[in-house]
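Quick one: the structure is below, questions incoming.
Should a chain be cited, it is by its letter among A, B, C and D, assigned in written order, with residues numbered from 1 in that chain.
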Amino acid sequence: MESHLSAALEYARSFLHEGAVATYIPELAKGDPTQLGAAIYAADGEIYRVGDWQQEFTIQSISKTITLILALQLAGYRKVFSKVGVEPTGDPFNSIVRLETTAPRPLNPMINAGAIATASCCMGGRDAFSEFLKLTRRLCGRSSISLNEEVYRSEKQAGMRNRSMAYLMQSDNLLECDAEDALDLYFRMCSVNVNTMDLARYGMVLAGNGKDPETGEQLVEGWIVRIVKTLMVTCGLYDASGEFAMKVGIPAKSGVGGGIMGSVERKMGVAAFSPGLDAKGNSVGAFHMLEYLSHHLGLHYFAGSECRV
Amino acid sequence: MESHLSAALEYARSFLHEGAVATYIPELAKGDPTQLGAAIYAADGEIYRVGDWQQEFTIQSISKTITLILALQLAGYRKVFSKVGVEPTGDPFNSIVRLETTAPRPLNPMINAGAIATASCCMGGRDAFSEFLKLTRRLCGRSSISLNEEVYRSEKQAGMRNRSMAYLMQSDNLLECDAEDALDLYFRMCSVNVNTMDLARYGMVLAGNGKDPETGEQLVEGWIVRIVKTLMVTCGLYDASGEFAMKVGIPAKSGVGGGIMGSVERKMGVAAFSPGLDAKGNSVGAFHMLEYLSHHLGLHYFAGSECRV
Amino acid sequence: MESHLSAALEYARSFLHEGAVATYIPELAKGDPTQLGAAIYAADGEIYRVGDWQQEFTIQSISKTITLILALQLAGYRKVFSKVGVEPTGDPFNSIVRLETTAPRPLNPMINAGAIATASCCMGGRDAFSEFLKLTRRLCGRSSISLNEEVYRSEKQAGMRNRSMAYLMQSDNLLECDAEDALDLYFRMCSVNVNTMDLARYGMVLAGNGKDPETGEQLVEGWIVRIVKTLMVTCGLYDASGEFAMKVGIPAKSGVGGGIMGSVERKMGVAAFSPGLDAKGNSVGAFHMLEYLSHHLGLHYFAGSECRV
Amino acid sequence: MESHLSAALEYARSFLHEGAVATYIPELAKGDPTQLGAAIYAADGEIYRVGDWQQEFTIQSISKTITLILALQLAGYRKVFSKVGVEPTGDPFNSIVRLETTAPRPLNPMINAGAIATASCCMGGRDAFSEFLKLTRRLCGRSSISLNEEVYRSEKQAGMRNRSMAYLMQSDNLLECDAEDALDLYFRMCSVNVNTMDLARYGMVLAGNGKDPETGEQLVEGWIVRIVKTLMVTCGLYDASGEFAMKVGIPAKSGVGGGIMGSVERKMGVAAFSPGLDAKGNSVGAFHMLEYLSHHLGLHYFAGSECRV
């Protein structure tokens, strides 16, 4: 396993020049595009790590999976899916056009508009961000996980496009609270610092059907885990979800902070990280590490044979 | 198993009134909406059947999976995926708008535009439809499978919208032949008569990674099977693919003839049929039969728990 | 003339039942749909009035023409048309889709997005709304014209869709100030109270190439008047501009407050008012009054013959 | 007048390098981009000509105005405007997207889709193209006007995008005949050879409310002339119609053959020609000649002052 991880690191490193750090959020532009790392949390409790595995980065869109878990726990299936759909879109993650043309309801919780609507379902008297942080710490198994204040402030100030989406949804009664409140929660959720070890463990929770891999405690109900993993398959890498499904075939979710978290059914959680992104907003280094590992460890959900790509 | 099939039949029958037969092709409008049937071809060779399992109907869009197999066999990966993408769309199956707005290349081979482009890759000196029919017969294990001439003529005459797509693609150099030739092949491929038993066996071929379940012969190479099943997961039921993935979780493909073919990894092929369609063009009866079977037999690819829907 | 006005009133009254007051702004929903009035300010100084001509209503989108005049005066041709185009759209007045698909720059200053961008060009140290109010009073020849505070507050609170547009434009660097500042100015501009007499006089200023019809003073430079009237022809009634051009043929601008202001080259200013709107947001009563007057007074810019519609 | 024409020629010549001949129709690609000419037919019968005024070129989209006249004469107002609207679009001339998203009915008769639908209204037992040719000859006052067979065949073979539109409209029951028949008529109508003198005379017919400027005979009914001129104002230069209205302000229609025909109310017909097109499909040389003439002869419909652009 460790030799596979090292080989994956070398393989992915040769593609790093194709990526570029996100610049639309000033704080993200400070990322070091040469960083590359990964971690695996296996079902038997073994842990494997390579490269910059312990570098912290903001969770960004990977948080959308945790937001969905929290919303389903707090508001329930009916409420959440009255505000957001479950269909993949074929559009970029920050697209607005469908909110007007197809249907007001955003197509799924893994794109920005859908995640803002989902976040709004977590409000309701309680301190939603505290709940989110508590859940994230339990899923990742690290109680020191916390908010990156600089990124949060940077996103909140720069996030005009997300603001535009939120007001359009409020105009169509798709938010459970005011647009600014939903946005503030959304920006906080995106700005939590994690490392690949944290995300690999979270991936193992999902792979184990919601159970804490150490204590066996049911952290997330099985029906919620299933919905989250299904959406990771169909919508986890924005408008490259189909390509990732074909080439890698691991339920996964990416974030513009450079991370990708994956969950191999019953076998392992896996996460990779590198700040340079491709044109669709996915980490070039992380994508290629996962592609390498999937091929060489046979992790594709239809793994009977190698993909010839 | 047989009691599950009978129960699924009863369950699905209660939803039949929600469907309506397709009317845009005159021949399809003659379907009997009270018909309902299903078949399972298990990995151990056992066969289970219920209701109108032997009723013949036209394969319609389920042929898109076989067209893709044939195109990949004949023209190869690079050629096919230079003409068509692998991303789900969120749009109806007969949508044209993205051909103009997003990118000229149709987003995937499971929507009409993508299948017409894929079909055009099967041309080239040879009699493409003969090849298609031969392959279909081997996958389904029935040498008497043949073209329904009435439906073919009806589709060819009525298919103005598909014609529109084909000419738009020819205008963008996305076809490997003239639009009318690609269309003629496409309409023929859609108009082949099958029954649920045929499709269940084909589903088992896919579930067994391309091997003939009787002879063990490799009918389709593994890398092709993997691509086809992946696209069935993300794009198999048009713009209800996400909902089907969440509620049923079986790689599947539907057709407006009323059939849905599914493939449960290493376990079984399964097919259901009923002519009444929902607003998105999927068979109401077949959808509900598969949903019932998935729940009660634990067929979801993330089957750790039941879906609470 | 007076008999024509009375006949136009009777004609238009028979269509009032087809309209409905705007409800998306709570204050506008209080309008009385039975009200109907009009005024003409002729080039010779004669004034003609009928029905509820002195009823005050908010100027709404008719203000977009004055906003454009002010922006061209303060910021100049180059600045304004770097932020907004001059093409008609075929889309509803509050459409967002083109901001994402066609080009970030809104297509013209007569739709909401374009007017918000235009308004932002009026900022810059000065009190933009005071300037706007001063200009409006001079164009309308009434110094008591003032802001309707209730409507302004109602619009500001309800205007989520306009807010969405403004943030999307800020995200694309199309505003000369912060979104909220541009919106506040825009909502104030829309919420000024006028009556048909005010607007008829303003129409006469435009018809007279920018000259005050009483003093002869040049209130607006000729090149600006020409741009404004041209945009009134092509874009003055949202996505019914083409229909209005064909049936009425008077450069005009409508507002959801129920008013339409028209300018008949060198001959007259004309305004009509009735709160009930059609599906495209234009006053049913005002549209029909202007149509009647155009036919019977030969006001179409290609008036050689009657329109047979 | 003649000195103005010569000056306009020099002015426009300096912009010719910005244009490029149309290449999507092979025959059009043979045009000589250095050609430039114009003609004026004044209300008093005087004729002025300059440069390559007698060079023949295909009428292309300028024919859309004659097609509309013919359709209104043969099929009537109600029939024609049940198939096509009267609103400007903001989209390119060959856009398909709105046929699917906004409404099946094309927005106006001056874009390709709308002209094909309008042409289909001219069918019905008679030889529609003969009727069209006869009308064109009378409007242009030249009985030798005839079809350019090479361009017609070239367009018919290359016109895949128009074919796509036609089949989409047939699918939505917007054509009065089969798509191929409507297309054949449309391609013929576009492929008639004219020169600027022909078009200037046609412009004078429109300027004179439909009367033959020599005989005084009413060639086109006044209500039809008005509709045509109104659509020339709002939709005559594709998605540059707004810019042309602001800068030139003459009801006009352009064609990708390089011609623009204009009609100055009661004063003159004017036409210019140069094969090089801008990005929106309008002749660069013809646009600038008309702009120059409008400025120096005061031809803008709101000509009170010069445009400062």
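Keep this in mind: contacts are C-beta pairs under 8 Å (C-beta built on N, C-alpha and C of every residue); 3 or more make two chains touch, one makes a residue touch a chain.
Everything numeric here is computed off the predicted structure, so don't read it as measured data.
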item: Where chain B and chain D overlap in contact partners, by chain label; value: none
item: Chain whose average C-alpha position is farthest from chain C's own; value: B
item: Centre-of-Cα separation between chain B and chain A, whole angstrom; value: 31
item: Mean-CA-position distance for chain C and chain B (Å); value: 54
item: Centre-of-Cα separation between chain C and chain A, whole angstrom; value: 47
item: Contacts with two or more other chains, residues of chain B listed in rising order; value: 101
item: In contact (per the touch rule at the top): chain pairs; value: A-B, A-C, B-D, C-D
item: Chain A - residues contacting chain B, complex; value: 77, 85-91, 98, 102, 107-108, 209-210, 221-223, 225-227, 229-231, 233-235, 239-243, 245-246, 249, 251, 265, 300-309
item: Touching residues on chain B, where the partner in the complex is chain D; value: 95-97, 99-101, 160-161, 163-168, 170-171, 179
